[in-house]
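Could you have a look at this structure, given as structure tokens, before my questions?
First chain written, first letter: the chains are A, B and C, and each begins at residue 1.
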Amino acid sequence: MFQEKFREGIVSARDFNREDIEYILKKGQEMIKVKNLDILKGKILATLFFEPSTRTRLSFESAMHRLGGSVIGFQSGDVSSIKKGESLADTIRTVENYSDCIVIRHPMEGSAKLASRFAKVPIINAGSGSKEHPTQALLDLLTITEEVGELDGLNIGIMGDLKYGRTVHSLAILLSNFDVNVYFISPEELRMRNRYKDYLYHERRMKFKELSEYRKILDVLDVLYMTRIQKERFADLEEYERVKDIYVFTQKDLKNTKENFKLLHPLPRVNEISPEIDKSEKAIYFKQTHYGLQMRKAILAELMRD
Amino acid sequence: MFQEKFREGIVSARDFNREDIEYILKKGQEMIKVKNLDILKGKILATLFFEPSTRTRLSFESAMHRLGGSVIGFQSGDVSSIKKGESLADTIRTVENYSDCIVIRHPMEGSAKLASRFAKVPIINAGSGSKEHPTQALLDLLTITEEVGELDGLNIGIMGDLKYGRTVHSLAILLSNFDVNVYFISPEELRMRNRYKDYLYHERRMKFKELSEYRKILDVLDVLYMTRIQKERFADLEEYERVKDIYVFTQKDLKNTKENFKLLHPLPRVNEISPEIDKSEKAIYFKQTHYGLQMRKAILAELMRD
Amino acid sequence: MFQEKFREGIVSARDFNREDIEYILKKGQEMIKVKNLDILKGKILATLFFEPSTRTRLSFESAMHRLGGSVIGFQSGDVSSIKKGESLADTIRTVENYSDCIVIRHPMEGSAKLASRFAKVPIINAGSGSKEHPTQALLDLLTITEEVGELDGLNIGIMGDLKYGRTVHSLAILLSNFDVNVYFISPEELRMRNRYKDYLYHERRMKFKELSEYRKILDVLDVLYMTRIQKERFADLEEYERVKDIYVFTQKDLKNTKENFKLLHPLPRVNEISPEIDKSEKAIYFKQTHYGLQMRKAILAELMRD
């Protein structure tokens, strides 16, 4: 079922219904228990990163090795034929001949969708512009279900850069398949765009509120998902300077949270979470990277195993 | 025989006689039928790319993995000790200790030849300046023999940048071992240099004509090999602007070709082939990348297997 | 013992006593005899290079493959999340989830120490600022013991940039565990810093002399260890220009050395060793890279095998 539905790859969180999510979460849970498998021996994953990455690229590559497979790719558009003027479609129609699955990160919105239209092998969207990052959202859900519990009924805050943050877009869309209460917390300038809110409200019937201040609702949240204000997405650096330190989560904030409260962050963080919190059991952003590896193992296994 | 003759590697198309070419084409054909082999298990390929590449590097790396081997290397001279002033000879005498074969792309003419003089392991020239790219030419011949048929008797056009294009130099030299009619099509400024033409005419007795216009001979060609006008090779950007769009192959051109006509291109392309052609059975430049993988599997197997 | 003591990794030459060094030298010697092993199958090495490298990175990666393991990593800080403002500690706490051991090169002094404080997996210091490069020093000792003989009693010159050269700092510290006579040869501007000399003299009771001229003592030396004057460490380029060609070892120098004299260099070299010497049996800097691979195989095996 899942394999059949996603045989062209994982491009957008919009393609997932509740059943799909529950299926892949179960597969991710199974991966937690096994460090190495040999099910992708002889398979090749191509990782095409036109934008810098540590976590996403390395976790996909580690996942591929843990499953017995091999990896080819590039870490920057500078070293590829893009520099010579090649189109993304041509790059894809080339690399599909060398690999069994392609992971792509590209600054252009819609890039992964475009790639999947041309490719004979599955495409995994590892970040397309400021729009989507579906595998990050899947690993976020795996983290929440493992560390907090059932998604239904949870109060979830999503805070920071909701305008340019691609992870929050994909996360909100996935969450709309569950019975959750979502709080979108951001400065006015970084509110989620109307097209996303309209989609979530009208098409997915999601329950959400918008706020500028998080302290008032901290005691009701089960989960707070923080994000970095992404300097590289701002055309206007002055605007960046004005908002960059608007939210800094501290030890004091932590005291006002529920006993089972968990703080997530897709990382990298800059100043928005004080390092004094790192050792708290409520701070699980490094565990998230562990679950990320497991989720990516699950995804690669589903897309490539025979 | 082949293994013995090329034990120092594949440096120049000039080293190949007809028998060598036919041997490696046969090996390439055999590779088409097998996706994975384990014959290079425990072997390490080093890919040293001082100039950017997508196809060549990734296809060598994919080929190595498909044969069970491992890969080390770099994708840009910026991240190596060259930046600290190291000579190419010293780099080679270092990397030969870490690997069983070295693939090198370097902007300097004669770089691969130099490397092979110093190395204990086989060197594969993956592009040396504007002079040679022999494995590209071998994969081009594999593509033609598989998709068109016997080389003898074919009418082959080679078009575009014949002055700076290293792939066309290696291709022309390899073709001179066969009974083909070659048409070199280029603007005056990008004619093939005399030293190549003299070599082809006087030493190899190749039959060729030079033209500036391709439309008149389109109906006699069995194969047209197009190339990109390479911006990065021009010292004078004005000259580049004058010639860059001189040849643009369109749907209309395609209609004037023979039924079995095939259009090849080493890729990347920029504007010289209209994307509307991509779906035609006559356009086989993406198939070329598939054959490239097979030819590189064949080459690596010959140079490294015990 | 060794495994237990270095379970957090190899961070500083200061952590090694004579017994540790002799143990790992023996392991390195054993590795010379075996090309491939399968003892690290299923293990993943992460190579995080924030500064350029050819030898160190590629030799670690080759060593890992020779032992049956896999590699992930990056070759430049530009392609990682550091560019987005991530701290080194956060990068480490992420990558430790994807790997079984981390090799790190970073421009900041103390970077490897910091990394080892945060990591659950062993850290290998592949160069931290101008301070330490312990695995280079270990491979230097393996080279000397294999090519010259027992360390005790040797007269060893260490020449060049003793101020900024991290390899010489680690080498001197390791040598202080043996009964050697050391000559530190450098221009005034590039003398070894007092904190190192104080440590070597007062805490390690090392016997050393400082000189500006090497020719007078050439006939007493068993080993001369040359280093590059590192342009990238100078704030003042004029100072660099003044000292860069101060030592150039020539054929004529070689004639004034003992019969069993050996010349080492960590490479890359620029002008400081004349290439005419390369073929002499006294010049063993390329053999050093071979021993480097063996020592790194030994280190990786110790740190990761079950």
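Worth pointing out:
The rule is simple: contacts are C-beta pairs under 8 Å (C-beta built on N, C-alpha and C of every residue); 3 or more make two chains touch, one makes a residue touch a chain.
The model shown is predicted, which means the values in this text are computed figures rather than measured ones.
Under half of the residue numbers at the interface between copies subunit A and subunit C are found on both sides, making the touching surfaces mostly different. Subunit B maps onto subunit C through a rotation of 120°, based on Cα atoms and reported in steps of 5. With centres taken as mean Cα positions, subunit C sits 40 Å from subunit A. Multi-chain contact residues of subunit A, defined as those touching 2 or more other chains: 75-76.
Across the interface of their complex, subunit C is touched by residues 42, 44, 46, 70, 72-76, 78-86, 89-91, 93-95, 97-99 of subunit B. Put simply, subunit C touches subunit B in their complex at residues 35-36, 49, 52-55, 58-59, 61-62, 65-66, 71, 75-76, 228, 230-232, 267-270, 275, 286, 289-290, 292-293.
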